[in-house]
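Next, two complexes with chain A in common: one pairs it with chain B, the other with chain C.
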Partner chain A sequence: MNFATPNGFNLDDSGRRMVVDPVTRIEGHMRCEVNLDSNNVIRNAVSSGTMWRGLEIILKGRDPRDAWAFCERICGVCTGTHALASVRTVENALGIKIPNNANIIRNLMQATLYAHDHLVHFYHLHALDWVDVVSTLKADPKATSALAQSISPWPNSSPGYFSDVQAKLQRFISSGQLGPFMNGYWGNPAYLLPPEANLMAVAHYLEALDFQREIVKIHTVFGGKNPHPNWLVGGMACAINLDGPMAAGAPVNIVQLNLVSDIIDRTIKFIDEVYLPDLTAIASFYKGWDFGGGLAGKNILSYGEFPGKANDYSNNSLLMPRGAIINGNLNEIHDVDLTDPDQVQEFVDHSWYTYPDEAKGLHPWAGVTEPNFVLGPKTIGTKTNIKQLDEDAKYSFIKAARWRGQAMEVGPLSRFTLGYAMGIAEFKDPVDRLLTNLKLPLAALFTTLGRTAARGLEASWAAHHMRRFFDQLMANLAAGDLATANTDKWDPSTWPADAKGVGFAEAPRGALGHWIHIKDAKIESYQAVVPTTWNGSPRDPSGSIGAFEAALLNTPLADPNQPLEILRTLHSFDPCLACSTHVIAPDGGELISVKVR
Partner chain B sequence: MKQIIILGVGNILWADEGFGVRAVEALHERYEFPENVRLIDGGTQGLTLLPIIEDAEVLVILDAVDYGLSPGSLHLVDDDAVPYCLSAKKMSLHQTSMLDVLGLARLNGRLPARMRLIGVQPLNLENYGASVTPSVKAQIDPAVAETVAFLIGQGVVVNARPPDQQVEPLGPLCVGLAAYESGCFA
Partner chain C sequence: MTPAMPNIQTFYEMMRAQGTSRRSFLKFCSLTAAALGLEPLYASQIAYAMETKPRLPVLWMHGLECTCCSESFIRSGNPLSSDVILKMISLDYDDTLMAAAGEQAESILNEIPAKYPGEYILAVEGNPPLNEDGMYCIVGGQPFVDRLKAVAANAKAVIAWGACASWGCVQAARPNPTNAVPIDKVITDKPIIKVPGCPPIAEVMTGVISYILTFNQLPELDSRGRPVMFYGQRIHDKCYRRPHFDAGEFVQSWDDEGARAGYCLYKMGCKGPTTYNACSTIRWNGGVSFPIQAGHGCIGCSEDNFWDNGPFYKRLSYVGAGLGIEATADEIGLTGAAVAGAGVVVHAGLSAIKQHNRKKPEPPAAPKGDQS
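Showing the complex of A and B:
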C-alpha cells in the first residue's frame, strides 16, 4: 500500500520487510522494522520501544522532595538531567526560588553533562557507524600523522604514536576476541573513510575513553556522591567554604574548585582540538551521504535551557532558547508553553496504552498511563515473540508526543536550528563556519550527518559555557555570596494543599519535561515526557509519523543484511532506552539481530 | 594498600534488576571495612563506572546474572571466567552494560588483577516499580556472606557493625530498600 502521511512523507509497505531487533530477554528496548523496495531503499519505517511507563506509579504518594532520587534511577546516562527536571518541577509547583549560586552550579553540571555525553556518544557509540576499525590495520602511520597534523595542533600525532595504536589494535583483532569491536559490519561498502582517517579516529576513541573519566569528576565535586550526585529541591546540596579542609562530606573548597577549573580547560581543549577536527574530517568524506533528515529542519522543538538569571525560565534568560518551528518555516518561531493543555499532548492510539477517547491527546497534567498490550490483526508472531509488528494498530510502548498536533524532532540539531533561525551568533556562526569549510548549503544540516555535526558544535558550546559558569561562580563567591540552597519552603506546612508544576530541561538528547501534581504534601501524579518520546514516537491518530521513522525513509542500504545505515541514523538521535541492561549474560550475546523476510 | 572495590549494579526500579544494589546496601549496613575497601552503588551507570573499575586491584561485582539457572540461584565466577565483551552494534549508549565496561577496561589494559562476580539468577526483570522478588531477595544474605568470605581471603579485616550503630546510608534514604518497598506497588 502506498500513501502519503499528513506530515508530508510517502510510505510504501509493499516491499520486503526487514526487522532490526535488540536481542534481550528484557522487554524495553528499541526495535525497528522497515520495508525495502527492489533497490534496497527504505520506503516504510516502523519504530517501537518502551519508556518508563511505571514512573507515575512508583512516585504516587511519595514526598515530592524525594522525587529526584527516583528519577535519577530511571536512566544511567541521563542521571543528572532527570534529577534537574525533577527538582525544577517541584520548585515550580511550590514557588521555591533558588539562590544564584545554585543556578550557576546547575548550569555548570548540565553543561558538563553535555560535554561528557556528546563526547562519549560520538566516540563510543556513533563513530563506529562511520569508522571501520578493521581497516585501520591497512593505514600508513606516517600518512595518518600527516593527516592528523594537517587538521589539529593536538600533540598526540606522531607516526610512532599511530604506529603504537595500530599495533595495539592488531593484537586485539588477531586475539580473536575483538573486544569493543566484535560483530561490527567491518568492510561494509557504506564505510567511506580511507584507512588513515579510520586509524586517527580509533586512536581518538581510545583517548576519549581516558579523557571522559576526568570530565565526570566535576559532578562528584558538586554532587558529592559518585556515581549518583545529590540534588536538592531549593538549590544544590553542596555547601561551599573556600578555605575549608579536604574531607569526605566537607564543603567544597578552593582545592576542589581549582580541580574543576583545570578539567574545564582540558575539556575545551579536547573538544576543540580532537572532537571537532575529527568530526569535520569524517564529514568531508561522507558529505555526499545526505540521508536521514526526516523532521529535521521541518518540525523542531526545544524547551530551552541554561537560565542566565536564577529563577527566570523565560526566553529573556535562557541561554539556549525555547521555541518551535513547524513546516520548515525558519522565519517564524512559535512560543512554547508547557502549561497550555493544547500544546504538549500525548496520543496512544498506536501505543500499548488505553485512553477513554484515543482520538484525542492528553496534556501530561491530565496524563493517563494504563497499559494495554494488544496486537493488531496483521501482526506476525505472538505477544512473547513478535516477528513483525502491525503498525496500523498499537505497536509501541512509547506514546506519541505531539506539539499542537505536530510530530517534532528534539535534540542538539533542533536546538542549533532554533538558535540559527533566531539569528543568535553563538549558534549561527559555528554552523556557517562548518558549512563553509565543507562547501555545503544549509540544507545539508538537515540530515543524519547534520545531526551528528550539531552535537559536536554543541559540545564545544557547552565546554566554553562551563568556563563562563565557573567564572560566574567564582565572582559570586569572591563577593561573599556563599548561599547554595534556600530552605524557606522546605517544611511541607508552608506548601499549598494543592499545587501543580512543570519542570523542564534540555537533556543532551533533547527536550525533557516532568509534570507534577502535589496534593496534601504528597505526589498525586507525575508524568515525564522524555526526548525519546518525541523522537521515537509512533504514528498518531492522523497518521503522522515520528522523527525516527521519518528519518529512515528513502535511505538506501548497501547491504540489506547489514543495516549499518539504519543504525547510523538511529544513533544520530542518541536514543534513550530504559536502562536495565546491567544483567550480564554469560555468552556476551549479540545486541541486535537482523532478519529479512 | 591495594584498592578493593565492591560494586553493586542494576536498576532498583526494575524488580530483580535491583539485586546488586540491594546486596551492596546490605553489606554496608552490616559491616565496617578498612579505608582501602570502597562500596559503590553503581546503579545503571555505564562508562562512568570505568574509572572505578580501572582503579581497583580487586573487584567484586554484585549483579543479576542470566545464566539460565533456576530463579534465585547464586552463581560465583572468578577472574578470566568473568564475561566481558563489547559490541559495535548496540542501539544506544543505554546498552552499555557491565560487560562493555569490563571489555573497555581490558582494552585499556586495566582490568583488576582479581575479580569475582557474585550473581543471582533473576526471576523478573520487567515489573517496573516493583522490588526484588522473594527468591532473589533471599539471596542477599548469602551474597553478603560470600563477599565477606572472599574479602577475608584477600586479607581484609572485616568487622560486623555493632547493632546500635548509626550508619550513613550509601545513597538517599528514600530509595533504600525499606523506604522503596514501603511505597512500592508490587
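Showing the complex of A and C:
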C-alpha cells in the first residue's frame, strides 16, 4: 500500500518486512520494523517504544520537593536533567527564586552532562555504526599515526602507541571471546573508513571510556554522586565555605573547586583534540552517505537552556535559544509557549493508551493516560510473541507529541539549526567552519551525519561554557556572595492551596518539559514530555510520522540481513526509551488488559 | 572447580599477551587486593587466580530500569571498567554496549547458555513487570520476564545490580502500576547477589565481579543477599559528620551556618542512620565526595522500598544508635529496631536467599615466578 503522509513522506509497505528488536546501544527498550523494496531501500518505517514504567502515576500524592528524585530516575544516562527540569517546575509553580550561585552551579552541572553524555554517546553508543573494529587489524600503525598527527595535537599518537592498541585488539579478537563486539556487522560494505581511521577511532573508544569517568566528578562535587546527583528545590544543597576552620569539611571548598577547574580544562582538551578531530575525519569518509534527514531542517523545536540570569527563562536570558521552525523556513522563528494549550499536545491513537476522544490531542496540564495494550488486526504473532506490529493500530508505548499539530525533531541538531537560523555566532560559526572544511553545503547538515556532527559541536560548546560558568561562580564568590539556596518557601505552609507550574530543560537529547499541578502541598498531577517522545513518536491521527520513522525512509541497506544503516540513523538521535514511556493516569486507575483483535 | 574451558584465555594470559609486564600485573593484583580491603599478601592469590581461571562469560540483561547502573559501572576507576570488559570478563551480552542488535544480539542469549551451561554469570539491571502478561517490558517481541527466566536457568549465579533488580525501586513504588518485582520473585533456584543502590557505587560493582573472579565463589552475603563487605555498616556509622551528630550540632536550614560548617544533616531528613551502604567509606566517583559530604542528606537509595519511606526531607524519628557501629544489618533487623517515622521495620526476618559463606582464603605464599 502506498500512502503519502500529511507531513510530506511517501510510505510503501509492500516490500519485505525487516524487524530489529532489540535496538541496542540505546537507553531502554525499542523495536524498529521497516519494509524494504527490491533494491533494499527502506520504504516504510515503524518505531516502537517497548517499555512502560508509569512513573508519573507514582508521583501522585507525593511531596513536590521530592519530585526531582523520582524524575531523575526517569533516565540514568541523561542523569540530572530530569531533576533539573523538575526543580524548575516546582519553583515555577510556587514562585520560588533561586540564588545566582545556584543558577550557575546548575548551568555548570547541565553543561557537564552535555559534555559527558555526548562523548559517551559518540564513542560507546554510536561509533560502531561507523567504525569497523575488526578492520583495525589491517591498519598500518605508522599511517595511523600520520593520520592522527595530521588532524590533532593529542599526544597519544605515536606509531608505537597505535601498534600497541592494534596488538591488544589482535589478541582480544583472536581469543575467540569477542564480548561486546560479538556478532557485530564487521565487514559490512556500509563501513567506509580505511583501516587506519578505524584503528584511530577504536583507540579513542578505549581512551574515552577511561576518561569519561573524570568528567562526572563535577557532579559529585556539587551533587554528591554520579549517576543521580542530588538537587534541591530553591537552589542547591552544596553549601560553600572558603574560609575558617570548618571549610575543609564543607561541601564546596577551594580543594573541590580546584578539582572542578582541572576537570574542565581536561574535558575541553579531550573534546577539542580527540572527539572533534575524530568526528571530522569520520565525516570526511562518509560525506557521500547523505541519508537520514527526515524532519531535520524542516520541523525543529527547542525550549532553550542555560539561563544567563538566575530566574529569567526568557529568550533574553537563555544562552541556548528557544523557538520552533516549521516547513523548513529558516527565516521565520516561532515563539514557543509551554503554557499555551494549543501548542504542545500529545496524541494516543497509535499509542498503547486510551483517551476519551483519540482524534484530539491533549496539553500536558490536561493530560490523560490510561494504558491500553491493544494489538491491531494486522499484527503477526501473539500477544506475548509479536512477530510484526500493525502500525495502522496502536503500536508503541510512546505517545505522539506534536507542536501546533506538527511532528517535530529535537536535539543538538535542532538547537544548532535554530541558533544558525537566528544568526548567533557561537552556533553558526562552528557549523560554517565544519561545512567549509568538508566542502559541503548547508543542506548536508540535515542528515544522519549532520545530526551526529551537531552533537560533537555542541559537546565543544558545552565544554567551553563549563569554563565560562566556573569563572562566573568564582567571580561571585570573590565578591562575597556565597548563597546557594533560598528557603523562604521551603515550608509547605507558605504555599498556595492550588498551584500549577511548568519547567523545561534542553536535555542532551532535546526538548524536555515537565508540568505539575500541586494541591494542598501534594502532587495532584505530573506530566513529562521528553525528547524521545518527540523524536520517537508514532503516527498521529492525521497519519503524520515522527522523526525516527521519517529519517529512516529512502535509506538503502548494503546488506539486507544486517540493520547497520538503521542503527546508524536511529543512534544519531541518541534514543532514550525509559524517558519517553512513563506517562500518568490522573487517577492511577486500573490497567486495561490486552486484546488482540 | 570450574571445568576447563580450553578455548578461553585466562586473565593473566590476556594481560601478558597485551603487553603487560609481570611486574605490572602483580601491581595490578596488589591494587585489586587493596580495593577489596584484603591484606597485601592476598595479592599473590589474586595473581594465581588470574593466571589460571578462564575469562568468565557474563550476560547483562536489562528490564525496566533507567540504565544508571550501567552508567555507574563504567565510572569504575579500580579496576577500570575497560579492563573489566575487555580483560577480566567476557561481556557477551549487554544491550547498552554491544555492537549487534536484533536477531544477531538475541541469538547470543541462546548460544552462551548452551555453550557454557552452569558457567556464566547473569547480571540483571532493572526488573520485570508482571502485569499485562509481562508486556510492559518487551524484548524481541516477548516479555522480558520470560527471557530473564530462560537465561537464568543455566547460570552459575545471578547478580542483581541496583535497587531495581534487588528491591523493585522507583517503578515498584506505590502504587506500582506495572507490578514490577525484584528478580528474586521470578528467579528462585539460583544464588543471587544483591548489589543495591540507585545506582550502586562503581567500585562496589567491579569489586563484586573481581571477588567472584578471584576466589571463584560468591562473597559472604547477609540475610537479604547483600555482600557484607559493602553493605555491612550504616552510612551513619562511618560518616565524617558523625561527631556533629554526637555533639548535637545540626544543619537547621539549607545553606545556614551549620550547612557551611558541615554539621549533621539528620534534621534535614538524612537517611544515613538507617541505610546500609559504603558511601561514607568508599565514597563516589573515585572518592571525590558522597551525598552527605556534598550537603544533601542521604535518601536511602540502597534500602528496600526507600521511595515509600519518605518524604526525603522528613527527619527519622528514631535512630537505632544504641547498637553501635559494629552492628550489622542482620543484627539490627533481628533486634527489631524500627524506623518509627516511616512505620517500617527494617531488615526483619531472613530471606530465602541461598547463603554462600566465603571461605577464608589460605594464607598465601610469597609471590613466585619470574619477575620480568
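In this text, the second predicted complex is superposed on the first by the 557 of 597 C-alpha atoms of A that agree within 3 Å, B and C clash if a C-alpha of one lies under 4 Å from a C-alpha of the other, contacts with A are read in each partner's own complex, and residues count from 1 in each chain.
We take it that a contact is a pair of C-beta atoms (placed from the backbone, for glycine too) under 8 Å apart; a residue touches a chain by one contact, two chains touch by 3 or more.
What you see is a predicted model; the values in this text were computed from it and never measured.
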*asked:* With both complexes overlaid on chain A, does A:P575 touch chain B (first), chain C (second), both or neither?
replied: first
*Figure out whether A:A443 sits in contact with chain B (first) or chain C (second), or with both, or with neither.*
neither
*A:H121 contacts which: chain B (first), chain C (second), both, neither?*
first
_Just to be sure I read the superposition right, which of the two partners does A:A359 touch: chain B = first, chain C = second, or both, or neither?_
neither
_In the overlaid three-chain picture, which partner chain does A:V255 touch, first (chain B) or second (chain C), both, or neither?_
neither
_Contact breadth on chain A, by residue count: chain C or chain B_ = C
*Between chain B (first) and chain C (second), which, if any, makes contact with A:K387: first, second, both or neither?*
second
_After the superposition on A, what does A:A69 contact: first (chain B), second (chain C), both or neither?_
both
_Common interface residues of chain A - those touching chain B in one complex and chain C in the other_ = 22, 25-29, 52-55, 57-58, 62-63, 66, 69-70, 73-77, 79, 120, 124-125, 128, 133, 172, 177, 179-185, 206, 209-210, 212-213, 216, 225-228, 230, 567, 578, 585, 588, 591
*Footprint of chain B on chain A - complex, ascending*: 22, 25-30, 52-55, 57-58, 60-63, 66, 69-70, 73-77, 79, 120-121, 124-125, 128, 133, 172, 177, 179-185, 206, 209-210, 212-213, 216, 225-228, 230, 567, 570-571, 574-588, 590-592
*Inside the complex, what are the residues of chain B that reach chain A?*
9-14, 17, 20, 40-52, 54, 61, 63-67, 83-100, 103-104, 106-108, 117, 119, 122, 125-126, 128-129, 171-172, 174-175, 183-185
*For chain A, which residues count as touching chain C in their complex?*
19-29, 31, 50-55, 57-58, 62-63, 65-66, 69-70, 73-77, 79, 120, 124-125, 128, 133, 164, 167-168, 171-172, 175-185, 206, 209-210, 212-213, 216-217, 219-230, 232, 234-241, 246, 249-252, 256, 259, 371, 373, 381, 383-387, 397, 482-485, 487, 490, 562-563, 567, 578, 585, 588, 591, 593-594
*Flag every residue of chain C that touches chain A in the complex, lowest number first.*
7-9, 14, 17-19, 55, 57, 62, 64-72, 74-77, 80-82, 85-86, 89-92, 94-102, 104-108, 129, 131-144, 146, 169-171, 173-178, 180, 198-199, 202, 240-241, 253-255, 259-262, 279, 284-286, 288-296, 299, 301, 307, 310-313
